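Before anything else, here is the set of structures, which you'll find just below.
Shared chain: chain A. Partners: chain B in the first complex, chain C in the second.
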Partner chain A sequence: MKYALYPGCVMPTEQYAYEMSIREIMPKLDVDLVDLKGFSCCGEPIKSVNQMLTLSLSARNIALAEKEGLDIFAPCPICHLALCETKRVLDSDSSMKERVNKHLSDEGLTYTGSSDIVSILDILYDKVGVEKIKQMVKKPFKDLKAATHYGCHLIRPSEIGRSDDSENPQKIEEILKTLGFKPDYYPEKLDCCGGLLTANLPESALTKTGQKLQSVQDQGFDLFVDTCPWCHRQYDSKQIKAGETVAAKLEMPVFYLTQLIGLSMGISSDKLGLNLNLSPIDKIKTGGK
Partner chain B sequence: MIDSKDLDPNFKYEVAAEIGGANINRCFACGTCTAGCPVREIDEKYNPRKIIRMVLLGMRERVLKSDFIWLCSTCYTCYDRCPQDVQLTSIMTALKNIAAREGYIHPSFKEQARLVSKFGRLYEIEDFDNKKREKLGLPPIKKNFDDITKITKDTLPKGVIQ
Partner chain C sequence: MSIVDLTSMGESQVEVRKEINERLSRLQDEVSDYCYQCAKCTSGCEAHKLLELEPHKIIALLKRGLIDELVNSDLIWTCMSCFKCRERCPQKVAPIDVLFALKNMAVAAGKQIPGNYTAMLQSVLSIGLLQDVKSVATRDNKTVSRSDLGLPDVSKPADPTKFMGMLSKLAVEKV
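This part shows the complex of A and B:
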C-alpha cells in the first residue's frame, strides 16, 4: 500500500507527535508514505468565508496527488472531510468541476477524480486490519479502561461517507482491544471537543473540552484516546486550562491512537513523541498498571 | 418584535441558491438540531432552529449582521440527525458566505483568510519550523504555493484581504 501523506496545517507545525507516530508505525504495517511538494491548506478553516476557495484548495491538493498517480492519506479528520466533500461535489457536478479547474489551470493542474482519500481509521481498520495489527503487538497493555474520542469530522456527516458509524462508532475500540485495552462506553462519547470554537469563543471551546474530560475522569477511565490534531490540542495541550473552566482538577492521560499502537509494537517512546504530550501520561505503561 | 415591512421573502431562495443551501425550505421546526447542539448547550445565543426560522421568515439583515451565525462549531451533529435533511451545517456556511460578501465577517475568520492566502496554510512554515521538525526526525515541509494567491484572489470577496 502506498499513499501520499497529506499533512495539513496543525499536525506538521504543532502536533508533531501525531506525525512522528504515524511515520513510525505505518512502514511496519506495510504502508508506504510519500511526501509530495506543494500541498497547501485544505481550505476547511476558511469555508465560512468562501466555499469556492475551500473547493479550489482541496481540489488543488487532490490534483497534486493525482498527478503522481497516488491516493491520499489525510490523518487530520478535518482535512479528510474537506478533501472528501470536495471530491463528492466535483465528481457529481461537472459544471462545478469546470469552474474549480479554471482556478487550477495556471499551475497546470487538473482535478479528475482519480485519487481516493483515506483517513487514519480507513487505513488502520479497513486497509491494514486488526489481524495484522495484532500480529505486530509485542508489548500489550493490560487492564486499562480506555475512553475513545473519534472527533466530529471523522464520523459526520455520514452522507458524505465517513470512516465509521456516526452514532455508534466502534473501530477505535476494536483496535484498542487488540492492543490489550478495555475500551468502554460513556454517554458523552460523541460530544464535540469545542476546538473549532477557539477562534471566536475561546472560553466556550475550553468548557466543551473540560466537560467531556471531567465526565470521563469521573467514570473511572484510565486514559483517553483520540485521532484528531485539533481535538488532541484541546484534550492534551489545553487540559489544565480546560479543567479551570469547569472547576475540576483534570489528570487524564491523553494519547493519539497511533502512539499506543507504536508503544505496543515496542517502538521507543521518544520516537513516538510521547515527551510532547502535556497530559500526565507517565502513569500509563505497557504491561498494565 | 417582527415588522413584516422589514422582511425579505426572497431571502430563503437566496440561501437556497448557495452551495449547500438547497434544502432550507424543508425545515418543519422539530428542533432536533437545537436539542443535539453542543454550542447551544453552553451558549444560549446560538439556536440553530431559531436561525433557520429567521431565514424562512426573511429576516435578512438581522441574520446576516448577527454574531450567532459565526458560533457554529461545525460538528455536523444537526446535519446528521435532521429528519428533513436540511443540512444545517451547510446552511450556516451558506449564510456566512453571504454575510462575508456583504462585509459582515467575524474578525477571526478574516484573519484566517488572510493567513491562508498569504502563506498557503493556517500556520506559516519558516526555516525555524523545519529546523524544529529536523530535530524531531521529521522531513522538511517544502513551500511551493505562490500560485494559490491567484486562487484566493479569484474567490475571496472584496475587502476580506487587502
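This part shows the complex of A and C:
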C-alpha cells in the first residue's frame, strides 16, 4: 500500500506527536507514505468565509497527488472531509469542475478525479485490518477503561461517505480491544470538541472541551483516545484551560490512537512524541495500571 | 488588500454575491418544500446547548425570506460545524449548509468578519497554511521545533508567488 501523506495545517505545524506516531507505525503495517512538495491548507476551516475557496484549495491538493499517480492519506478528519466533499462535488458537477480547474491552471494543475482519499480509520481498520494490528502487538495494555472520541468530521455527514457509522461508530473500539483496552460507551461520545469555534469564540470552544472531558472523568475512564489534531489540541494541549472554563480539575490522559498502537508494538515513547502530550499520561503504561 | 479582496476569488463582488444569492434562493426553495419544523436539528445541535443556536428557526426565517436579518445576525457565527443537523434531518435540509451560505454572504457583503478568520485567511494566502510552523512545549517544559523532532520540512506551496497569484490575481475588485 502506498499513499501520498497529506498533512494539512494543524498536524505539521504544531501537533507533531500525531505525525511522528503515524510515520512510526505505518511502515511497520506495510503502508508506505510518500511526502509530496507543494501542499496547502484544505480550506475547510475557512469555509465560513468563502466556500469556493475551500473547493479550489482542496481540488488543488488532490490535483498535486493525481499528478504523481498517488492516492491520498489525510490523517486529519477535517481535511479528509474537505477533500472527499470536493471530490464528490467536482465529480458530479462538470461546470464546477471546469470553473475550479480554471483557477488551478495558473499553477499548471488539473483536477481529474483519479485519486482516492482515505482517512486514518480507513487505513487502520479497512486496509490494514485489526488482525494485522493484533499480530504486531508485543506489549498489550491491560484493564484500562478507554473513552473514544472520533471527531465530528470523521463520521458525519454519512452522505459524503465517512469512515464509520454516524451514530454508533465502533472501529476505534475494535482497534483498542486488540491492544488490550476495555473501551466503554458513554452518553457524550458523539459530542463535539468545539475546536472549530476557536477562530471566533475561543472561550466557548474550551467550554465544550471541558464539559465533555469532565463527564468522561466523572464516569471513571482511565484514558481518552482521539484521532483528530484539532480535537487533540483541545483535549490534550489545552486541557488545563478547558478545565478552568468549567471550574473542574481535569486530569484525563489523552492519546492519539496511533500513539497507543505504537506503544503496544513496542516502539519507544520518544519516537511516538509522547513527551508532547501535555495531559497527565504518565499513569498509563503498557501492561496495565 | 482588504479581506473582501482576498475572498472574492477574482470574480467581481457583484458576481460573488450573485452566486451566493443563487445558492441561498436554491436552499430557500428546497427548504420551503421540505422542512416541516420537526426541530430534530436543534435537539442535537452542539451550539444550541451552549450558544442558543436554533437551526430549525434559521430555516424558518430563511423560508420567510428574512435573509438580510440572518446575514446581519451574530448567531450564524456560533455554528461549530459538527454536521449533526445535516446528518439527522429526516428531509435532508442541511441547516449547516444554509449557515455556510449565510456566512459567505456576510463576508461578501463586506460585514466585519469575527475573530481570527482574517488572520487565518491571510496566512493561507501568504504561506499556504493556516499558521506557520510552531515550536511547542514538552512535558518537561522544554521548547522543541519540528526539526528537533526529526520531522522533514513541512509541505508548502512550491512557488508562493504563483500560489498567491492563483488566489489573489483573482481577487481584484473592491466592493
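Note that in this section the second predicted complex is superposed on the first by the 289 of 289 C-alpha atoms of A that agree within 3 Å, B and C clash if a C-alpha of one lies under 4 Å from a C-alpha of the other, contacts with A are read in each partner's own complex, and residues count from 1 in each chain.
As a working rule, a contact is a pair of C-beta atoms (placed from the backbone, for glycine too) under 8 Å apart; a residue touches a chain by one contact, two chains touch by 3 or more.
These numbers were taken from a predicted model, which means no experiment stands behind them.
Undergrad: Quick one: on chain A, after the overlay, do chain B and chain C clash, or do they fit? Just give me the call.
TA: clash
Undergrad: Could you tell me if A:Leu257 is touching chain B, chain C, both of them or neither one (first, second, both, neither)?
TA: Neither chain B nor chain C is touched by A:Leu257.
Undergrad: With the two complexes superposed on chain A, say which partner A:Leu272 touches: chain B (first), chain C (second), both, or neither.
TA: Neither partner.
Undergrad: Have a look at where A:Pro12 lands relative to chain B and chain C in the superposition and call it first, second, both or neither.
TA: both
Undergrad: With the two complexes superposed on chain A, say which partner A:Asp35 touches: chain B (first), chain C (second), both, or neither.
TA: Both: A:Asp35 reaches chain B and chain C.
Undergrad: Which partner does A:Val216 contact after superposing on A: first (chain B), second (chain C), both, neither?
TA: Neither partner.
Undergrad: Residue overlap on chain A between the chain B contact set and the chain C contact set?
TA: Shared contact residues on chain A (touching chain B in one complex, chain C in the other): 7, 9-10, 12-14, 16, 19-20, 23, 35, 37-38, 40-41, 43, 45-53, 56-57, 60, 103-104, 106-107, 152-153, 156-159, 166, 190-192, 194, 196-197, 199-201, 204, 207-208, 273.
Undergrad: Contact residues on chain C for chain A in the complex?
TA: These residues of chain C touch chain A: 3, 7, 9-10, 16, 19, 46-47, 50-51, 77-78, 80-84, 86-87, 92, 94, 100-101, 103-104, 107-108, 113-117, 120-121, 124, 128-134, 136-140, 144, 146, 149-152, 154-159, 162-163, 165-167, 169-170.
Undergrad: With touch defined as at the start, can you tell me which chain A residues reach chain B in the complex?
TA: Residues in contact with chain B: 7, 9-10, 12-14, 16, 19-20, 23, 35, 37-38, 40-41, 43, 45-53, 55-57, 60, 89, 103-104, 106-107, 152-153, 156-159, 166-167, 190-192, 194-197, 199-201, 204, 207-208, 211, 271, 273.
Undergrad: Please name which positions on chain B make contact with chain A in the complex.
TA: Those residues of chain B that touch chain A are 18-20, 38-39, 42-43, 70-71, 73-77, 79-80, 85, 87, 89, 93-94, 96-97, 100, 105-106, 108-110, 112-113, 116, 120-123, 125, 129, 132-133, 136-139, 141-142, 144-145, 147-148, 150-152, 154-157, 160.
Undergrad: Applying the document's contact rule, which stretches of chain A touch chain C when the two form their complex?
TA: Result: residues 7, 9-10, 12-14, 16, 19-20, 23, 35-41, 43, 45-53, 56-57, 60, 103-104, 106-107, 152-153, 156-159, 166, 190-192, 194, 196-202, 204-205, 207-208, 273, 275-278 of chain A touch chain C.
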